[in-house]
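Taking it in order: structure first as structure tokens, then the write-up.
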Amino acid sequence: MMNSAYRSLHLTASRLINPNPISSSLLHFLPLYSVNASPRRSTPPLRRRNFVTPFSSSSSSLYIPMAGGDDQVHLLEKQFESFRGQLEESAALREQIRAVVMEIESATRLIQANLLLVHQSRPIPEIIEKAKEKMDDLKKFYGRLAEILQKCPGQYYRYHGDWRSETQAVVSQLAFMHWLETGSLLVHTEAEAKLGLNSLEFGLETEDYLTGICFMSNDLPRYVVNRVTAGDYDCPRKVMNFLTDLHAAFRMLNLRNDFLRKKFDSMKYDLRRVEEVYYDVKIRGLISGGDPPPPPQVQDQS
Amino acid sequence: MMNSAYRSLHLTASRLINPNPISSSLLHFLPLYSVNASPRRSTPPLRRRNFVTPFSSSSSSLYIPMAGGDDQVHLLEKQFESFRGQLEESAALREQIRAVVMEIESATRLIQANLLLVHQSRPIPEIIEKAKEKMDDLKKFYGRLAEILQKCPGQYYRYHGDWRSETQAVVSQLAFMHWLETGSLLVHTEAEAKLGLNSLEFGLETEDYLTGICFMSNDLPRYVVNRVTAGDYDCPRKVMNFLTDLHAAFRMLNLRNDFLRKKFDSMKYDLRRVEEVYYDVKIRGLISGGDPPPPPQVQDQS
Amino acid sequence: MMNSAYRSLHLTASRLINPNPISSSLLHFLPLYSVNASPRRSTPPLRRRNFVTPFSSSSSSLYIPMAGGDDQVHLLEKQFESFRGQLEESAALREQIRAVVMEIESATRLIQANLLLVHQSRPIPEIIEKAKEKMDDLKKFYGRLAEILQKCPGQYYRYHGDWRSETQAVVSQLAFMHWLETGSLLVHTEAEAKLGLNSLEFGLETEDYLTGICFMSNDLPRYVVNRVTAGDYDCPRKVMNFLTDLHAAFRMLNLRNDFLRKKFDSMKYDLRRVEEVYYDVKIRGLISGGDPPPPPQVQDQS
Amino acid sequence: MMNSAYRSLHLTASRLINPNPISSSLLHFLPLYSVNASPRRSTPPLRRRNFVTPFSSSSSSLYIPMAGGDDQVHLLEKQFESFRGQLEESAALREQIRAVVMEIESATRLIQANLLLVHQSRPIPEIIEKAKEKMDDLKKFYGRLAEILQKCPGQYYRYHGDWRSETQAVVSQLAFMHWLETGSLLVHTEAEAKLGLNSLEFGLETEDYLTGICFMSNDLPRYVVNRVTAGDYDCPRKVMNFLTDLHAAFRMLNLRNDFLRKKFDSMKYDLRRVEEVYYDVKIRGLISGGDPPPPPQVQDQS
């Protein structure tokens, strides 16, 4: 038993790089001319005449004649039947993924509607509370995605594009909520934990995490503006410090991914806008608890 | 010993879905506030001031104050250092892949130059011979690709796009050579075998195989025309039969992949063109082995 | 009598899904070989030779020979004459629709010119008054559209694209006028009422209503800026509150329609811009009814 | 009872032009300020503060103050809840349609694979027989489509684009099969009958019928070429006559639809190609049963 468990593990493990289910069903072809014995699926058979005419005619002595035309036809049929099965499996999988992704999208819409209330100075604990309830749904949906992907090991990156942008939106919301609660950045592993993702099996792609963080940054200038109009003159400094560090951290990265690079570039403008708001409140002396602006050391002579 | 082998297999196996090496290096973060002990890589440190200011000011009692700003900064730094490492690793991997793909591309260019001689009715065995020599290089290159990918299990599909189109060209050439030699279709597993690919570890993606076959089909009308010009009137029928069966086999598939679907659509025109050439030789009574056209009842007077 | 009314209703009702007038005129064909009796319209006759030659030749005994070639020709002719009639009817209908839509477009241009005066702080009642006069024209034009469509029941969506964008512009203007007058959102049924549309017969498509509302939102930032310039410091808050609620209401919708989704996305930027203007007047203490900014603790020295 | 049946018919009948289910659910809004009594669906309520602030402030005496802010909020909420319901209904309907269309597409693929065998001179009755079996599936699928559309009377053209191209392919196949059997054109009503479509309720759009006929025409040159190579020298004349009449019939139509016009233009090339094949067999005197070419009257002097 141990032996068989070992073997099954070995088989799975050795299929790590391209455990393409397509290929596995083609294993029957490996002993190339012994296909007749293998069980047939009931699909409409190809035309039964010789798949390729033996090239034995006088004018083409260049060609090496084929051994068994009929075996060839069987082989071709079998191969395309197998392909058909694979493509249908893959299409069915995509449909399953699509259904879950639509639910994720729907849940994030509700969460977002909730989070937008921060711009109207509604009490944050209450907002967070409601958003967290929906987050449990998200966790469930990612669990389902992981289950679906579990059926096709090694193919995470094959289907990854199907849930990518939705996941970036989710990260953005999680990170914003986390920042509202703690004033700190939600780290990658925390994001995975909140979504019930196990980085060993079905993880949160780093680039998606980073893109989500950029999306969150895009919302901060608006937040700062609305906090100031609501009388919270201390907010700009806090957000500015947070964004400054975040921006510096991103600058450490050598971004080649076009999309992420562009998103990061937009963070620069977010920071600049927040700095301008901070300047506005500072120059008007509106910051109550902050350091008062130091008296000018040098008089402007003009 | 057995135990440790088992465990290592188990680890690998459990990482099947998204064995993202990025995430694995983040494992150190899991015990969230004990990061200080872990070894540091020598990367430019982030700005050392508090990453986020504790939100303890009067006007924002909504916020939960943060415990230790310094740990937070360490955590953020560590995370982005890790990201930097991952992105650099991934970029380095891409460079390695790119270098091999350029060699593959270079070899296929030489093979193609060789194969084009069939249009000038050069002896096929000689052409095949030379092409096969180069094929050994290709096998070597794919071996290197497989080695590179072995370093990042489960990420075949992450980088797959980097060698995709070159591989489709290779398949097209292999299939054409195989058809010249045997008059039959090179099946998927044969293609893998010729490239030294092991479908269990680093396989030939089915869609790439199918696309390569479509590319081969695109070359057949030209081949038929040139063969007829060279006096081989039997070639159109053979190619027509081959393409008819191939086309029928493809029709069994439910193609949703836009690129492959388009390539397949072009096969219809290849077949139609070959049929027209066959029609030309047939109507002129040029076919040796086929049915002679019935003797004309009325003599052409012109 | 009652019976016949009932029957006529029944006939109309049963034609709900695709009451395609084209098909109805083809009913005569159903008794397939008795077409000769039906009246003929004076259209250029088809070529009179056998439309299809009876496939009775020796080499194609596969074909079922045709009975009467002449009936066939009549049938084909009749069918295409009918098609010609339908296509011409449909083209004529389109021309009629087009003429009305051009009048709608012309009226909205005049209304728009009028509404733009709000940006120059002209008295709103006067602006509204003039616009409303033109609105009566619009009502008349939509009445004509409804009459035209009444002739082809069940085909609202067939021609809907022909007045779609003009109607969205009309909704946008109506909604803006309504907001100027009442400070509230013009609801769907009110919009229909103002255009004399009866949702039971010729209604205002929901997506067109929603798109029109988005268009109105696009004009609000400019309005706010110009009102503030004119000294109306209270306007930004009002518009902000209006847009905030409108934006939240839209977020409840699961928009898949690409065009509407994009338009809605632009509403976010409208809201953000209005918030920034509100921020500007607030931080400068220009708002009369709002909270005055706290007195600066430290005097600005410059 | 009779009365109520009459009324229900009347209601349905009067909704012919745009019986938009969206609008019907908005009927509650018609008595504009009495919405409070109507039942509420349990959807997340909008923010409860006044939807629009009463515009009574000093600086904007231009605005007419609103009567009841709270009623307004209820009204807005209600309206968007209704919209949400409508959009979800419509999306669900689209999903249902999509599922059936995928089955139609799959069935036509099998039929097409079968029909292609005519190019290899397989016995036509056998080919037709098999294709007809699949046609029964198609009939079933169109029945399902009709059922789905029955739920939303008057909206045939709203969703029509979702099954349009698949239906054109179906018509093309039906018409080709019919031509193989009878040598005549499948007329519109016959096509509807074969698909179980009742033109009164869920019909075959004329333009789709015509486009399908053009598609069939596109396949005829290939058929002729292959028939001639198979020794059927009579086929070109038959097809030429058929296409000539069909082309003439189409020319009667005033086509403005861009897509159909283009497809019809391609029919000209089909006809030309068939004429060339006819010329080839004629000039070589290969036509057995046909008229021998008349002896040239005038000698070419060059």
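When the chains are written out, they are named A, B, C and D in that same order, and each has its own residue count from 1.
Just so we're on the same page, a contact is a pair of C-beta atoms (placed from the backbone, for glycine too) under 8 Å apart; a residue touches a chain by one contact, two chains touch by 3 or more.
Note that this is a predicted model, so its numbers are computed, not measured.
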Same vs different contact residues, subunit B with subunit D, by half of numbers used: different
Turn needed to bring subunit A onto subunit C - CA fit, degrees, nearest 5: 85
Inter-centroid spacing, subunit D versus subunit B (mean Cα positions, whole Å): 38
Distance between chain centroids, defined by C-alpha means - subunit B, subunit C (Å): 47
Computed distance of Cα centres, subunit D from subunit C, in Å: 22
Touching two or more other chains - residues of subunit D: 44, 47, 113, 120, 231, 288
Interface residues, subunit D side, partner subunit B - complex: 106, 109, 112-113, 116, 119-120, 222, 225-226, 228-229, 231, 277, 280-281, 283-286, 288, 292-293, 295-296, 300
Of subunit C, residues touching subunit D in the complex: 6, 9-10, 12-20, 22-24, 26-27, 29-30, 32, 43-44, 46-47, 49-55, 57-60, 62-66, 72-73, 75-77, 79-81, 83-84, 86-88, 91, 123-125, 146, 149-150, 153-158, 160, 180-185, 187-190, 192, 199-206, 210, 231-235, 237-238, 241-242, 244-245, 248-250, 252-256, 288-289
Contacting residues of subunit C [partner subunit A, same complex]: 244, 247-248, 251-252, 254, 272, 275-276, 278-279, 282-283, 291, 293-294, 296-302
